[in-house]
Structures are given as C-alpha cells and as structure tokens.
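Letters A, B and C name the chains as they come in the text, with residue numbers starting at 1 for each one.
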C-alpha cells in the first residue's frame, strides 16, 4: 500500500509538468477502471459479458443529459447517474443471469445494442449519431471547479485510486471469495448453501456501476457523449484489455488498459492501417503468450513478481 | 428430532424410466446406514432428491421434523443437511484451508461480508478443525487441484462437514480408490461418524466395506427399496443376491 | 416512427410486393450466412466472429472476378470457393489452436482477424462504396408478380438459396458426411478413436461454412453496395438470426432469416432509425423465453 502511495505521488508530480502524460494518465483512469470492473465480472465471477459498454454509455449520456438541463449540480448528477446505472444493472442483470454460458454473453450484447439503437434513434434527446451536442456545463461545487484541467485531473486520479482500493477490498473479502466460488464450481457452491444467483446479480450491479462511473468521467473528459460509447467494439476492447494485462492478477486489467492505450496511440500515429497492425499485434499476443502480460510475469518471477504486484499467494 | 431423516413415497420419473419408485425409508438420528444396489439403481438420484437438487414427482422428505420437498437446495443445506460427491466437487484454485473456510462462511451467512478480509479468523479456525478431522491438516496450504485423488475425496467430505450438519450424505466415499486406500477411507468415515454423532448415510459398492461398519443397510434396485436390515440379514437375502448377480444363485461376493 | 408511410405502403400492392421481395432477399442472404455460422457453432462449438468478414471477402472477390471475366456465374462460383479455401486455411492455422480454450480466446482471435481483413480490404479496394451493378445476364425486364414488380435476379437468388437450404439439410441428415459431422458435434474424441480424421472433418465443416458466407457475399454483390463495414453489419444480423432460429439448426436459421429480413424491410419504412433496435429487442425476447432458439440445439 505504501508503495502504491509513492507511485501515486510520482505520477501526479510528473503529470503536472507534462500535459501529454497527464492526458494519458487521465485516459488510463477511465479505461483502467472500466477494465477493472469488467474483470470483476469475467475474471472473478466467471460471467463473460459481451455488453459491458452499455453501462459506460449509459453513464456518459445520463450524466451529460442531466448536466445539460443546467439545473443540477455535478455531485447530484453524478449520484443520479450512478443510481440510474444501478437500476439498469439490476433489471438487465436479473434477466441475463437466468441464462448460462455463452447465452448470458449474447443476451448482454443484445441489451447493449438495444441501448445503442435507442441512442441512435432518439435524436431529439441524444443527438443521434452526432452525439450529445453543446458540451457539458461544469458549475463549481464545494470549491472545486472542473473547468480547470488540473482540478479535473486531480479529481479523476482521486476517484480512480478510491475505486482501485474499493475493488481490492471487495475482491479480498469473503464476498470476493464467494464470487470465485461461483466462478469455479457453482453447483458445489449451491450445495454448500451459497445463493449463487444473488451473487451473480451483485457482481453484475457492482461492475456495472463502476463502468458507469468510467463513462461519466469520459463524458467530462471529452465534454460530450457519443453513440460509440455504447457500441460493441468498446465491449470488445474491454475484453481485450483484461486479456492483454492478465485476468488472474489484480492489477492486470489496469496494465492491460495501459498497454492498449499505448498501442492504440502509437499505431494510429504511425500508420493509416491501424486495424491491420493492431490485429497482428493482438494475434501474436494471444497465440504467442496465451495469457496476459501480468499473468506471464507472475509465472516467471514467482514470489517476487507476486509481491511486487500486491497479489497474494493464490491470486485468483 | 435432530438428525432424523424420513422419506415417504418418494417418486421420480425421467420419461419412461422410474428412477425412484415410491421409496419409504427412515433414518434414526445418529445412525450409520449404507445404501447399496447395482448400478443404475437410483442411489445418487435418491441423494439428489433428498438434497433438493431434483424435485420429486411425489412424496415427502422429512428433515428434522420438517417437510423439505420443493425447497431449493440452499434452504435444505441451511436446515442441517450436507453432502459429499462421488466425483470430488472442489474449487480447484482454492487451497484446502481456503475452500473449507469458504464453506464455513457460506453456512454461517458470512459469505457476503464486504468489509473484512477473507478468511474471517473464526472461519479459519473452524477450517483447521475440520481439516484435522479428516486428516488433511498438513496439506492445508496445498491447492485443491494439486491434492491426490484420495485427499481430494477427503477434502470433498471436509467441505460437507464444514457446516456442522446433522445429516450427512456421502456418495461413494471410496470411489476410484485402490483396496488399501478404501479401507483407510472407510475407517476415517467411521471415526468421523463416532466423533461427530451425526446421521450418516453413505452409498457404497464394496459389500465388505459395508459389512465392516454399517449399522444398517438399505438395498435399492430399479428405484425401489428391495431390502433393509442389518448387514447380515441383507447379505443372505435371496432377492438381493439375485439383483446383484442375476439368477445364478451364487452368494454375494466376499 | 413513420406510421403514415407504413400504412401507405400496406395499402399499395406494388409496395407490398417490393417490400416483401426485398425482405425475402435479405432473408435469403442472411440465411446463407447464418447457416454457415450455425453449422460451425453446432459442430465445432466455435462462434466464428469472423464470419461477416468472409461474407465481405466473397463480395469483393466477386466484384473483381466479374470485372475481370465479365461472367457473373464464374465470378460467384470461383470466388465463393476462394473464400472457402481461405476459410479452411484460417481454421487450420488459427482457430484450431483455440478450440479448447475459452470463448474469450476465440473471440480475440476472430476480432484480430476482423481488424486485419477490414484493413486489407481497404488497402486493396479502397474505402469508398463500390457497386457491381446488375450483371448483364440479369439485365432483364422485371417480372410482374401479384401486382408488383420483381427483378428476375431476386427470383434466381431465392431459388438458389432454397436449393442450397434443401441441399444442406440433405447433406447433414442423409449423407455419411452428415452423420460424421453430427457425431463430431457430440463427441469428437470418440470419433477420432474410431479412426476418423477429425481434423480434416473440422476443416471441411469450416470450409463449408465459409463457402456459404462467401457465396452469400458474391450473390449480394449485385444488389447491395459494398464497403469495408459490410462485414460488421451482416455479422450482427446473422448472429441475431442464429440465436432466434437456434444455434445449430438449419431450418431454424431459414425461418428466422426470413423473419428478420421481413422485419428489416418493414422496419426501414416505418421505423428506419430503430430497425436494429427492433431486431435486438426481438432477439432478447427469444433468449428470455426460449434460450435455445425457436428450433432448439443440435444440427437439424
């Protein structure tokens, strides 16, 4: 924990001096928390969702729309959007967890694409394929003025670290181990008295709200909301991130998000054919390593690797 | 009334196959009963019906004075019933201690705790206790998937014991073991039963083992109760002999 | 929601005919793609996310072949086969290594290929929309049917697809190959123990699936414009069809495809922006009521 504290200080110091790096860190906080939330669902609970972007998109649009009414303060809009996302997650989750294996994933995809279609077609409210127009007003609150980039940066980092600690606690708690039980052997979990469906729903809701939070931060970051926030490619990218970084190590998804952002940035800057290069890179990682980067590190470096990555002996 | 299990008229059909045919059985609290029968006799199905994994077409299951038919599996477990499986059903990535601790949490309604660290000290202590009972205490830190077959079966039983059940169902505790290991396992089961004073019902194929420790035996055949009584009575029962060997008249193998 | 336009159309028989025939055509194409998808899933247990790209390749190959040779038939046949070959190679080299891995690995391999193929298409054929136009063989006057006009190509396409559907059904249910395929779907290892070359079988099934997708693309070339994004949209749609019809069922795919085609045609008049939404809503409904689709699980 002390180590991460120092890291945080270093990161912040660097970021203040270098706007490009600060930008990268900002995007990392957004996609890092998105990937972390997805891994809670996939890596810890074993629920492979293909539609996680629906919460990201919902968070962005809900927050953006609320702020555009100009009658709501930021904290209130924030809280309302998160609450809305939770309601969405409970209703959709309750339906999806009724299905097993791949059908669960397909249904999440269906709902996500449904949301996407709603966003595209409800032009009067959402701006259709142009996205939310007019920017996002940022009235100051509690002395914090988010129209100042530095203040926004600090807030984003604070929220991010808070989330990381929160998810860490969740994952290491009895609840977290119950999720692993659901992942590894739901039949036995039932036979031991664990209400498996309730835990699946809880995992769905928790990860959904964290993803929505990432969406809110994204809408503030780009001052808008766009339909591709709820498109299947973002769900796919999320899966990509957690697999790149490693699903069995806690920090894996965040590292994966970082790698993804770096790769994306480098590739789009150097070549017109980003798809081609990205695809080739992806193939080599998937077929070559067969696991995420941090999984690999942990396997090779054994105990030292584990200690450095804040994982315990069996981090699964 | 604690630990009494009574089954009345339990019936279950799968299409044309009658897996359980009007089964009536009574298990005294604290008894040690073996259920035997040829393959396909419906023994595991019976366990599934009792534990709530399957819903019977008809009949009642009275556990500790309450009819639990129709209740979900989780509810039946909460009322004091526990089971171990023929093929060890474990959590491969958990260590033995972690697995049992998780089982303790599940039973103790602590599995949803978000603010504490896993495992809770009380659960860990209980896990150590249970592992000692089955003899796995020096393998507590081993990953479940790395345990030997016999140890995995023991862990499977440990998981079932973690909840402190009053009725314990063991489905072929010696399955897949060699002769020597089987006797050792059944000895452990016997000791467990004596120390924990629970109602223990186990399914078994090996007749010798059954005779060695069981107080009473129930024989199932085609979903029906064919015979019941002490091991000696059952052994000499012609219907039982026929069920096992067809109409050859030879005695049940020793 | 453009209700007046919808009502207008329903009252005009020529409009009805046009919409129904368009819907039918879309349905036919969807069926070809979806049947390949469902075949691959039913037998190999893999959801081939790259399927849409095979369709796209079929269309582009056919375009080039037609431009080069001038004969549409040759274009369709040869290029569909080309896609099939590509499919087999793809399967042997990449998919086979992730058969036993979880669905995430399969998804990633396919996603990688989608990215690669989309860009390859952009490089070779450019990013603009391309059209083939109606090939000279079919530049005939439209057929008068039920008070409306139907291009003869539509009839050809429908006939061909129905024949393909029947052929596929027969292949799967009545031939030895079909038996092997169905057996492999249930228990590959056992089949391998019995001396069957399952790798070859799997390759063949994948090739067949890709053939169907490629053929669909080639057949679609005259009636739909092509762009590098066409792979995505057909994939999503055929996915919906496969789910509604039932993963692994050919008949299911047929009925679901026609259904989806009609919904699309009707939707594009009455509710243009939300047509996709309608389809997803329907898919969600089917999943909730009968997750294995209207026609159930294994190959049928």
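Criterion: a contact is a pair of C-beta atoms (placed from the backbone, for glycine too) under 8 Å apart; a residue touches a chain by one contact, two chains touch by 3 or more.
Computed from a prediction, not measured in an experiment: that's the story for all the values here.
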item: Chain whose Cα mean lies nearest the overall Cα mean; value: A
item: Label of the chain whose CA centroid is most distant from the centroid of chain B; value: C
item: CA centroid of chain A to CA centroid of chain C, Å; value: 33
item: Gap in Å, rounded to a whole number, between the CA centres of chain B and chain A; value: 43
item: For chain B paired with chain C, centre-to-centre distance based on mean C-alpha positions, whole Å; value: 51
item: List of chain C residues in touch with chain A within their complex; value: 47, 94, 97-98, 101-105, 107-109, 111-116, 118-120, 122-123, 236, 239-240, 243, 271, 273-274, 276-277, 280-281, 283-284, 287-288, 291
item: Chain A-touching residues of chain B, taken from the complex the two chains share; value: 51, 53, 73-74, 77-78, 82-83, 85, 89-95, 98, 102-103, 105-107, 110-120, 123, 143, 159, 162-163
item: For the chain A and chain B complex, residues of the former touching the latter; value: 169-170, 172-178, 180-181, 184-185, 187-195, 199, 202, 314, 316
item: Contact footprint of chain C on chain A as seen in their complex; value: 42, 48, 95, 98-99, 102-103, 105-107, 110-111, 113-114, 116-118, 120-121, 123, 128, 232, 236, 239-240, 243, 273-276, 278-280, 282-283, 286-287, 290
